[in-house]
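We call the chains A, B, C and D, going by the order they appear; numbering starts again at 1 in every chain.
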Amino acid sequence: MMKRIAVLTSGGDAPGMNAAIRAVVRTALFHGMETVGVMRGYDGLMEGDCRILESASVGGIVHRGGTILRTSRSDRFKTEDGLRAALVQLEDWKIDALVVIGGDGTYRGAHALGALGVQVIGIPGTIDNDVTGTDVTIGFDTAVNTAFQAIQKLRDTASSHDRLFIVEVMGREAGFLALEVAVSGGAEYVAVPEIPLDMEKLCEHLHYSRKRGKTHSLIVIAEGVMSGADLKNRLQDTSGYDAKVTVLGYIQRGGGPTSFDTVLASRMGGLAVESLLKGESGKMVCSVGGRMVLRPLEEAWGTRKPLNPELLALVDILGV
Amino acid sequence: MMKRIAVLTSGGDAPGMNAAIRAVVRTALFHGMETVGVMRGYDGLMEGDCRILESASVGGIVHRGGTILRTSRSDRFKTEDGLRAALVQLEDWKIDALVVIGGDGTYRGAHALGALGVQVIGIPGTIDNDVTGTDVTIGFDTAVNTAFQAIQKLRDTASSHDRLFIVEVMGREAGFLALEVAVSGGAEYVAVPEIPLDMEKLCEHLHYSRKRGKTHSLIVIAEGVMSGADLKNRLQDTSGYDAKVTVLGYIQRGGGPTSFDTVLASRMGGLAVESLLKGESGKMVCSVGGRMVLRPLEEAWGTRKPLNPELLALVDILGV
Amino acid sequence: MMKRIAVLTSGGDAPGMNAAIRAVVRTALFHGMETVGVMRGYDGLMEGDCRILESASVGGIVHRGGTILRTSRSDRFKTEDGLRAALVQLEDWKIDALVVIGGDGTYRGAHALGALGVQVIGIPGTIDNDVTGTDVTIGFDTAVNTAFQAIQKLRDTASSHDRLFIVEVMGREAGFLALEVAVSGGAEYVAVPEIPLDMEKLCEHLHYSRKRGKTHSLIVIAEGVMSGADLKNRLQDTSGYDAKVTVLGYIQRGGGPTSFDTVLASRMGGLAVESLLKGESGKMVCSVGGRMVLRPLEEAWGTRKPLNPELLALVDILGV
Amino acid sequence: MMKRIAVLTSGGDAPGMNAAIRAVVRTALFHGMETVGVMRGYDGLMEGDCRILESASVGGIVHRGGTILRTSRSDRFKTEDGLRAALVQLEDWKIDALVVIGGDGTYRGAHALGALGVQVIGIPGTIDNDVTGTDVTIGFDTAVNTAFQAIQKLRDTASSHDRLFIVEVMGREAGFLALEVAVSGGAEYVAVPEIPLDMEKLCEHLHYSRKRGKTHSLIVIAEGVMSGADLKNRLQDTSGYDAKVTVLGYIQRGGGPTSFDTVLASRMGGLAVESLLKGESGKMVCSVGGRMVLRPLEEAWGTRKPLNPELLALVDILGV
């Protein structure tokens, strides 16, 4: 019978991770099990940097950003030596099963542990939303709202000064965040890694809005396309438009989670523990069409998750 | 060929209604059509209180709460005389089709117009989320976050003073808002109109948390069950617990929309216009599993939309 | 030589109290002293419910609402027996001097201890701002902004529905909070405990705004005048106006402090410790014209702190 | 007798400018005068780009960021030709007196007009707070809170990843904003233009915090000292510390005003109009020790406004 599970967070931190940790601990308690918190992701796992999490340890943490377990990106864990060190600690700490919270890098580590016989379930936690298999990841809604609010502040200055603003948002490989705030923020153009940058179309949009009397404009660019500063220079060279650049940077990662992310994280944490009790392993909790389901971890890095074409079309229609 | 459509908001206002209005206007423009804004819901329709909405009329409105078209609840519109007055105005203003934004009362009005030959599409806008057929309505996510943030503020005082708080939230007929914030706010107990209040279970939960050392607790109640003040009295009589009551009231309706509601409203507004162009009528735009689909207006008042039992179970597990 | 000081919070909690506690602890450390945190105000002092506060104990607490030391209102402490119990604990814990954070009730307790030879300094922490001697108290700016933001949300609904709103804010004895948000929120009328309610003038203002075409109005009332519900009834009886009432309640106390309150609390906490080092006692830290000064504790309850007449006049001018 | 006054905003926009405009318009109306709004600062004045502002024109604008009158920095206005053009327009529009809202560049323009016989009063509106003569300027409190909230978000990630963060805030010539958020944000070190950067002290602070077990640190730098990126490189070269840099940028200018800025702007706008009625000219409204007073415009650029040394000392004490 399962008596003790462990939970860790790995990769970039995301708002809502603490709510997922709380849900794991309290669902485990509800079923008569104990939870060990592993500090600093796989680094802490290899070193046995662990502590028992009581119900009270996770009281009052839900609304804080970041992760109380801290996080890291570990190179050593990708080696055989690293995996072995982890196995030793899992045995020493008498851990029956493991919940990992993070993005697809985190899942690869979990998959490797699973291949060695460790019972493991993943929870998608990343502001980038770039995990294939789940519609949405923990932290995405919060990051989108943070960027959305920052863009609303920029609009005030943009409209007072008749300015063109370029906003660079997070997203090295994926444009989910950029696309979402381009729609909600009313951007004229959005540049995402999934689609080649079309300078001609961008300039046409700007010309057209100016002609229609719009005195200020907004372009959203994901960092993976190029930097906001580079786009500014290309725009200046191509068309003579002078833009102001804002790089939202790390503030997009921080802050307490929205209610949506808190509920999502709570549901995912709860299901992860219940899945372990049913003997599931090597799977991740996914939100599909509003329901929580399990899918194989490998799906996360199989195919690239596509952007919603409906949202791409909306940018062209709404931002005029 | 369709040349001019109209849009109105009716019933209680909801954050995001302005984003839906903008999407209607700009999508119509994109397809070469003009939009007439009808003021004060069906009241304004019967009186011909209308104005042409240009692209610039809806610039900068997206992030404001409420509705720039204002809203009302109209008794006269439920009569034959009211409907006839509306038909006259629709003809006078040369309006080819109508988009109505509101809850199920609004849809009944739209349905009556549809029966008289008016081409009409509904968009669900209400903070209560009690429209059958769609997973989510415009304004719900914003209202949930407003209540969630208020509850976080109450927690500060609750934990400083070792107090029990009862929070009364909106919801005369439906407990969607109450349930959502009970999960994200970490409530011990949630009382919703859909389920009989179980004073015994409530008291047990409180006893159990106290025994476990928790010094402050939170109960969320939807106004449709009973008032927070009444629950306080019953709790006092039954068990001797003394609670502080907070009624969130109208602040739950206000404020600029979240990014989620802005995107949802934009997608729904866009699809409403495109559906009219395809000749659709008597239907409402619904969000089902993350996709936008059309469903008959009558579905909205056919069966009661059920609460998610998974969330109900989570309250018991997480709030301990 | 002074080696160990104690700090406690008493009365109603206020945002920024934690920043004051941090400043006391770190300033003491900077001068080579240790700080004892007393839990639950004077109740904890009489019971010796104390703990040593390290620098790390106060890391990350600044931005949380409430008080990590908790607070209470103690009747026993007003008795000779209570004072004696406190003296015993101060000796047992080898405490050389005491910093108390709270309002004028807290100061009376501190004054009584001072009369018995305890070296004591007060810091004004209350959202009501009703401490004579200081221009501003810790928590006031945060509470004002919380009420201000709530009023902005109400305005959205008020203007969408053409409504008259009555907002009841905190303030049993004093109208500082009500007056401040009446000015920033653009209220037509403000009712404060310091000035008799003038129903005639109130109705005149409402008539005048309606006549001028204003379709929605806002009245702010401090709870000490009468309840919002009572005002609604009187208004209905007198003039036929129908108002919606919102009671902001405990959310006004909660939330993380504004930057202003954090800085104010930091300055006050720092000065309190430095004053103790200079041998000061029986005084409170006050902010006067932007500077921090010491004043005798007795001033706090000597005369009533007056409202700013300039702000009262502004309500009449701006709210039209 | 004075019948018509004008108001303009010039230089960088600041939250609260709209509240000042509203107060000017409504105070003028209260005294039976009319207000003309001049668009785009001195550029619009020279071109006669003006419109009458009714009471309703300034309803609902108070809580929006930026300035409804727009703003600009004008080179032509510094020439004799520019001044003459402005005089012609003032006469054409029958403007008896002028209120200008902005920083010291704006005041120089006002002073030049005053020398030509125009009755003019200045209101300090700039997020930089670098106007000598007044304790505080409109927009400063809002910008400080915006930066403060951004820093709180960074702390979440910093503590989850054990990181050192450098935050670059606005302030080319003055460090008021940097210093204020360094105190409220709990920074280890603050770099301001008024004081030479002390790399040795900075490194010592970092060493000392690390030694004491603190795993994450924050440095605040005003853009006028050097860029955050440059500081990162110098820190890397000098001491080997690796920092993450965040540039807050234009979001610091935007957003709706805090209650404090709204009240400040309302008081200043009201006093500006009343001063004109009393025949005052060539002066600016200042907030000194919480009271509103008039001072000669020239004071604004006479001497450099000093930083508060008490706050500088607090950074050393609190940030450990």
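As a working rule, a residue touches a chain if its C-beta (ideal position, glycine included) is under 8 Å from a C-beta of that chain, and two chains touch if they have at least 3 such contacts.
Not measured: the values here are computed from a predicted model.
Centroid distances built from C-alpha atoms place B farthest away from chain D. Computed from the mean C-alpha positions, the centre of chain A lies at a distance of 39 Å from the centre of chain C. Here the spacing of chain A and chain B, counted between their Cα centres, is 28 Å.
Shared interface positions of chain A, i.e. residues touching 2 or more other chains, are given as 152, 155, 159. Chains that are in contact with each other form these pairs: A-B, A-D, B-C, C-D.
Listing the residues of chain A that touch chain D in their complex gives 9, 13, 15, 64-67, 70-72, 146, 150, 152-157, 159-162, 165, 244-247, 249-251, 253-255. The residues of chain A lying in touch with chain B in their complex are 19, 22-23, 26-27, 29-30, 55-56, 59-60, 62-63, 135, 141, 144-145, 147-148, 152, 155, 159, 180-181, 183-184, 186, 212-214, 256, 258-260, 262-263, 266-267, 270, 288-292, 310-311, 314, 317-318, 320.
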